[in-house]
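Please see the structure below; I have some questions.
In this document, chain identifiers A, B, C, D, E, F, G and H correspond to the written order of the chains, with residue numbering beginning at 1 in each.
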Amino acid sequence: MEKMLMKGNEAVGAAAIKAGCKYFFGYPITPQNELPEYMSRELPKNGGTYLQAESEIGAINMVFGAAGAGARVMTSSSSPGIALKQEGISYLCGAELPCVIVNMSRSGPGLGGIQPAQGDYFQATRGGGNGDYYTPVYAPASIQETVDLVQEAFDVADTYRTPVIILGDGMIGQMMESVEFKDIQKRRLPQKDWALKEHVEKGSKKLINSLYIKPEEMEPHLQKIFGKYDVIKKEEVRYEKFNCEGADVVAVAYGTVSRIVRNAIKKLEEDGIKLGLIRPITLWPFPFEAFDEISPETKAFLSVEMSMGQMIDDVKIANAGRLPVEFYGRPGGIVPKPIEVVDKVKEILGGAK
Amino acid sequence: MEKMLMKGNEAVGAAAIKAGCKYFFGYPITPQNELPEYMSRELPKNGGTYLQAESEIGAINMVFGAAGAGARVMTSSSSPGIALKQEGISYLCGAELPCVIVNMSRSGPGLGGIQPAQGDYFQATRGGGNGDYYTPVYAPASIQETVDLVQEAFDVADTYRTPVIILGDGMIGQMMESVEFKDIQKRRLPQKDWALKEHVEKGSKKLINSLYIKPEEMEPHLQKIFGKYDVIKKEEVRYEKFNCEGADVVAVAYGTVSRIVRNAIKKLEEDGIKLGLIRPITLWPFPFEAFDEISPETKAFLSVEMSMGQMIDDVKIANAGRLPVEFYGRPGGIVPKPIEVVDKVKEILGGAK
Amino acid sequence: MAFTEEVIFAGFGGQGVLSMGRMVAYAGMLKGMNVSWLPSYGPEMRGGTANCNVIVSDGLIGSPVVADADTLIVMNRPSLDKFESWVRPGGKILVNSSLIDIKVTRDDVEAFYYPVNEVAAECGNLKAANMVMLGAYIKHRSFLEENDLLGAFLKVFGEAKKNLLPLNEKAVAAGATLV
Amino acid sequence: MAFTEEVIFAGFGGQGVLSMGRMVAYAGMLKGMNVSWLPSYGPEMRGGTANCNVIVSDGLIGSPVVADADTLIVMNRPSLDKFESWVRPGGKILVNSSLIDIKVTRDDVEAFYYPVNEVAAECGNLKAANMVMLGAYIKHRSFLEENDLLGAFLKVFGEAKKNLLPLNEKAVAAGATLV
Amino acid sequence: MSIVFERTRGMVDMPLHYCPGCTHGIIHRLVAESLVELGLMDDAVCVSSVGCSVFTYNYFDCDAYQASHGRAAAVATGSKRVLKDRTVFTYQGDGDLAAIGTAETVHAAARGENVTIIYVNNAIYGMTGGQMAPTTLVGQKATTSPNGRSAELQGYPIRVCEMLSTLDGTAFAERVSVHNPANVRKAKKAIKKAFEVQTAKQGFSIVEILSTCSTNWGLNPTDSLKWLEDNMIPYYPLGNFKTPEEN
Amino acid sequence: MSIVFERTRGMVDMPLHYCPGCTHGIIHRLVAESLVELGLMDDAVCVSSVGCSVFTYNYFDCDAYQASHGRAAAVATGSKRVLKDRTVFTYQGDGDLAAIGTAETVHAAARGENVTIIYVNNAIYGMTGGQMAPTTLVGQKATTSPNGRSAELQGYPIRVCEMLSTLDGTAFAERVSVHNPANVRKAKKAIKKAFEVQTAKQGFSIVEILSTCSTNWGLNPTDSLKWLEDNMIPYYPLGNFKTPEEN
Amino acid sequence: MAQGKVTFREDRCKGCGLCITACPKQIIFLDKNKINIQGYNPATVEKMEECIGCGNCALMCPDLIITVERF
Amino acid sequence: MAQGKVTFREDRCKGCGLCITACPKQIIFLDKNKINIQGYNPATVEKMEECIGCGNCALMCPDLIITVERF
């Protein structure tokens, strides 16, 4: 297919439609508005339905209804809107409903600001709703990757009957880059025989439910769900490891900020310093295995985030005490400049400062 | 004062009133209903106001209004209701408003079950709302401790201008134990000169706000807030360390399940096995320092939770790769029996199985 | 050696089983012991059954959940079915034989059958059946006396219910004579 | 050595600065280069200013944020005030002198002043001022030609706006002659 | 010999978990009978809400969702948009629908969402043990209005049918009661009509059914019927508020 | 020489961030003038909402809150319950109040919460760039209803005053417009009356003000006034819907 | 001469008495001598010959346990 | 003979034209020859002597920049 210059938000929409998404329930919020707007234009042309809900809570519960009816369905929002969806996401997980949820995040807490930030890492990876659950979280770093991962996300959702989160930020949503819609490799998807159908099969009553009033029934339900999580942890971990062999420092960074780290890597090369990069593509499951091999030259891990430090918890767990774990973060909507990362690395190495 | 036999939920109410709480905004949910019910009876007698909101979201935003007006204010709920409050909590943190939020948690995800569970650890400690923030979280293990911590919580909230969470569960809320209302040591609290007053001071316009549209202003705002967190981490960590010296295994457990571990400790003594216990009383800040000294005899940490495993993340961070970190969990509303913990410990030690 | 008594009270909603537990716990507390009381809760109550766990101990109480009861008090049949296996070997089961027409099947526990409804009716009020059972109970487990229970009654129900004291006194005494 | 051009376009909302950036990015992409386009967004747009960052490179593009611009194109005065310092030493600033009556103050950059509003008016439509500026821009940075821009125009505005092509052709050409 | 009345096949043959005399049971039956008589039972989709009626999904012999508290109308929306030919209905209490679910309800109505709402108004939170509901009458005692609801402090009960009737998307709204056989018959008529409105794709339909909660009202079941008649009906007048024009 | 009109001291002397011709500015002025004239300005508490008017807290010369999207009525409730003698008002757009904030608004009204709601209805989401609002007219184009709002798919706009007037707790409800000087004068009267209702502790008061959004309607400011008059007023009739009885 | 016949599914009766209030003939009562497995006194009819088969009792029974036949 | 006088705070004018529609005398217009610091053509009055001081323009100005005086 022809290359196109597309805005991240619209690319998400196009990718979703390509992946067979037929329903979208949204509510406006900056910086993701172009996505519902795109869907309102394009979905009807593709035999789908766009509906604007009364709120994020309305939207996520409409997703619950549509997903329970077997539809490929998506919703999107940004940080505070995702916070409002937490109960709904918890229900989707409890009822094992597949869907894709997009967070083009901004800075918080509270109303905060609307510039790109990564302060929703915990919200996305630690199930900020109630109870025991996780959702796969994809963090693309370019529009092309966004497009690829969105398509993947729908398949992963259906394979494991789970909501999947795409965690972008204002920059991913707003920027344009060239994209190509490749035919991604299709998975063999299980039949949705648990879903409500347009035509009822007599005698097989379907129930979409997250209530297990007896602990003796709730526990096995959870164990079943966590059994799937074990498979996801084995099969679906994705990350990129770059420049790590013999690196002086290995940075860990995802999404937007990983691109800044790439610039820093180049700049540091000029000074003869080797900076490696572990870029988690799935934030959950976190790519712990990427940390297994550490070069003897490596003196520290450096978690670089557009936040006050959240992924660093996972980096610490992955590191398991072997090396110092350092942090460089710019929160509040500031995208750090490559030179800041450069300086931090030099500081760690006892260089400049 | 005389000892009384009180239900956890009512004890929370009594302690709050004793601490000068004058406003309570609630919404019914099992297993915390006796708390709003108590408040609706007792607050008016104590010159306060109880108001039932239209929802948990209504309630948390009423808290925002009352806290901004300088009142000592409380709300309570249980797991899914707390999930709904996440955006509100994020706003309270962003606007730096003090209040106390009680979660008598039940099992999830989704509607789940109503029996005691600890699946809201992440929800409480990782700021499940949007953006960068934390809230102090107290996890009492007895009704007496609940009463003491609730009173403390109000002072901590005011000292640092932050919401404080009391994380109990159905058992803490529903059980009765004897309590005494001791006069807790009073802190010197800062003036609430940031709050709206009944009588306006001309020329000093007060604003309760979490919006910082410019990243250059949002970042320092966050740094100020995280500066307070640093103080909280230094001053407010609370935990109990029991039987750890020379222990074969050290269990880490909070709240309800820590009591089960205590029974297990006794039982194991009979078999000549020494089980230690680190009981975090503050879940955030997590008592990392409690893990600093490990006896050479200790072979492993064992995180015991009424969940699929959440606190274990913090235990791993605390452990920093020194010992194996094992897990025993019963989710879904099941309170494990002491013998289960006993068996797990033996299994770890290569004993019975 | 520390004294600990772990009891399960179970029956229909209206039979006052939660109150029985509260009275025992309160009485224990008033005697200076540590106590805990833990009720069942939730929509199962709509089904009409209720139960509670009570622990009285002169040591610290770990889990308030009674997994191996010293004593089980059952006021109706479903409760016996449900909780019979929750008693430790050597423990006691006190059965309300007015409503339960079957027998305890285990032979490693002691079972006692008291027609507390009839006895309560004789005392003048069927509602006092729970007090009759408590009267019997304290004879079995001698850490409480009749007076302790009546003191606890006032604490649990408040001075407003003082007028019911004579009836309850009678019921407790009648229960005690059953043993 | 890899080619990379980093540009900032800035001006009032109605001046088409976001489109200028998109056209340059699109043209770069059509020539097989990697490109990124990043707009400002948010309530500041209510204030009526807009800007975007464009990067064109034959290597991989790291951060799409332009921190040290090779070229700055400013269409109104507040934009010059705001972005003057964002240009790398040795970079260029293209100033819409129709609306900006002050001069660039830095002496480590090259500044050029083009009265693009007037030129556009001469071409027949004041709205084409941005195209005039683009015409000048591509003379400064020779990775694009006039035709590339016009091809990109069709991509950005769609076939429906084909009728505007002649006007834009004229404007681009006029701009080119300014340099 | 002919059968005058027998258990509807629209309900699964199992005991109901409700308290003795709780009129939720009557309402269940009316819904099931209506769907069966209209030939819609197999195709029906029940969205159960959170309240005493949370287990309706077990009782109705059709596909079902268990929706989060208050959001049944949104779940029904999502479901009906996909399953356009099925009969989608919610079954909600007054706490669920008129408190936490206000926005979802109002907007499903405003959108003219082609679903049916069975709204059971018992003027209290039943499941959670008798707290004040948005429909609790002024003066009525509840566990969170121990001295009776005070208009001054807690305001006034919401009349849902009247409120929703101001919305153009509401096609059908009627309030009925089940406190005696005559009203039970009327209630069934309204429920049937509501489903017919959906089948005819005429838009949003709601039937508000006044119901008892003897457990939390602190009355016995028969006194509860009387209390409903004497206290609720005067504030919540029975009748039709909106119905699609015949054509 | 006398001053006929000058800037009210109720507003901080700073430029407004609104688009050219946005009638939010007129409404701000009316609110400030009303408060000043009633002697309530110093005591006023403004609860700003999320929408184009999010920065009202900067403009009104009084204490303020910035509330989360849709929850201004709940924040006002919490505030007023503590600050019983202050004049608490919210300033909310139609997306904020009539979409996400429906439950909070309805219940503040039902409770008869003694606060005043300034409700600016411009039939669109302004701040976020022109998406369909619950008040967008049928046929009206918006970025999420690119072919115009379809009644069949997206339903009908909500008339907030009519809806809230069904609630006993609503003491005062009036819809006004600011599309010409005569209506601006009427709007101010309504706003003043609403504040007076609060001062007299008579309960919940709301003024719905029809407003323009030329940016997102895609019209110039003066055509926007005309569009408002020709299209909004027929669907949203001006007038008083509820007012406390005089005594 | 009876026109109708009512049958109760006794085990499921909760003794709520709603059928009693609905019966125009006042022939239903709770059998205080019986306790069903749920612990309630179930509803019953002694003078079945007075039943007119109106079905009102069944209409009011919340537990769907009444069947009414008519001759 | 003028009855009124209008003053504009020109820098803050956004050239929206609402004042123009409100003026019964039609004496306000946007000055195409001026661009204020915000980039707008500000409103202005030339024939001030025709102003009747009705205040309508100020009533409609969303940016609170008009002051009206009457003699």
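FYI, a residue touches a chain if its C-beta (ideal position, glycine included) is under 8 Å from a C-beta of that chain, and two chains touch if they have at least 3 such contacts.
Because the structure is a prediction, the values reported are computed rather than measured.
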Graph separation of chain G and chain H (steps between touching chains):
3
Between A-E and B-E, more C-beta pairs in contact link A-E
Please identify which chain has its centre, taken as the mean of its CA atoms, farthest from the centre of chain B.
H
Taking the mean of the C-alpha atoms as each chain's centre, how many Å separate chain E from chain F?
34
CA centre of chain D versus CA centre of chain F: separation in Å?
41
Taking each chain's centre as its mean C-alpha position, how far apart are chain A and chain C in Å?
55
Chain C: positions in contact with at least two other chains:
42-43
Junction residues of chain F - those touching two or more other chains:
18-19, 54, 66, 68, 99-100, 102-103, 106-107, 127, 134, 154
Which chain A residues touch at least two other chains?
30, 49, 51, 54-55, 57, 80, 87, 91, 95, 110-111, 114-115, 210-211, 213
Can you list the residues on chain D that touch chain H in the complex?
12, 48, 76, 99
Sort out for me which residues of chain F touch chain B in the complex.
42-43, 45, 47, 54, 57, 61-68, 71, 74-86, 103-104, 106-107
Show which residues of chain H lie in contact with chain D when the two form their complex.
35, 38-39
Would you pull the chain F residues touching chain E in the complex into a rising list?
99-103, 106-107, 110-113, 134, 151-152, 154-159, 162-163, 165-169
Touching residues (chain side chain B, partner chain E) in the complex
26-30, 33, 36-37, 40-41, 49-52, 54-56, 80, 110-111
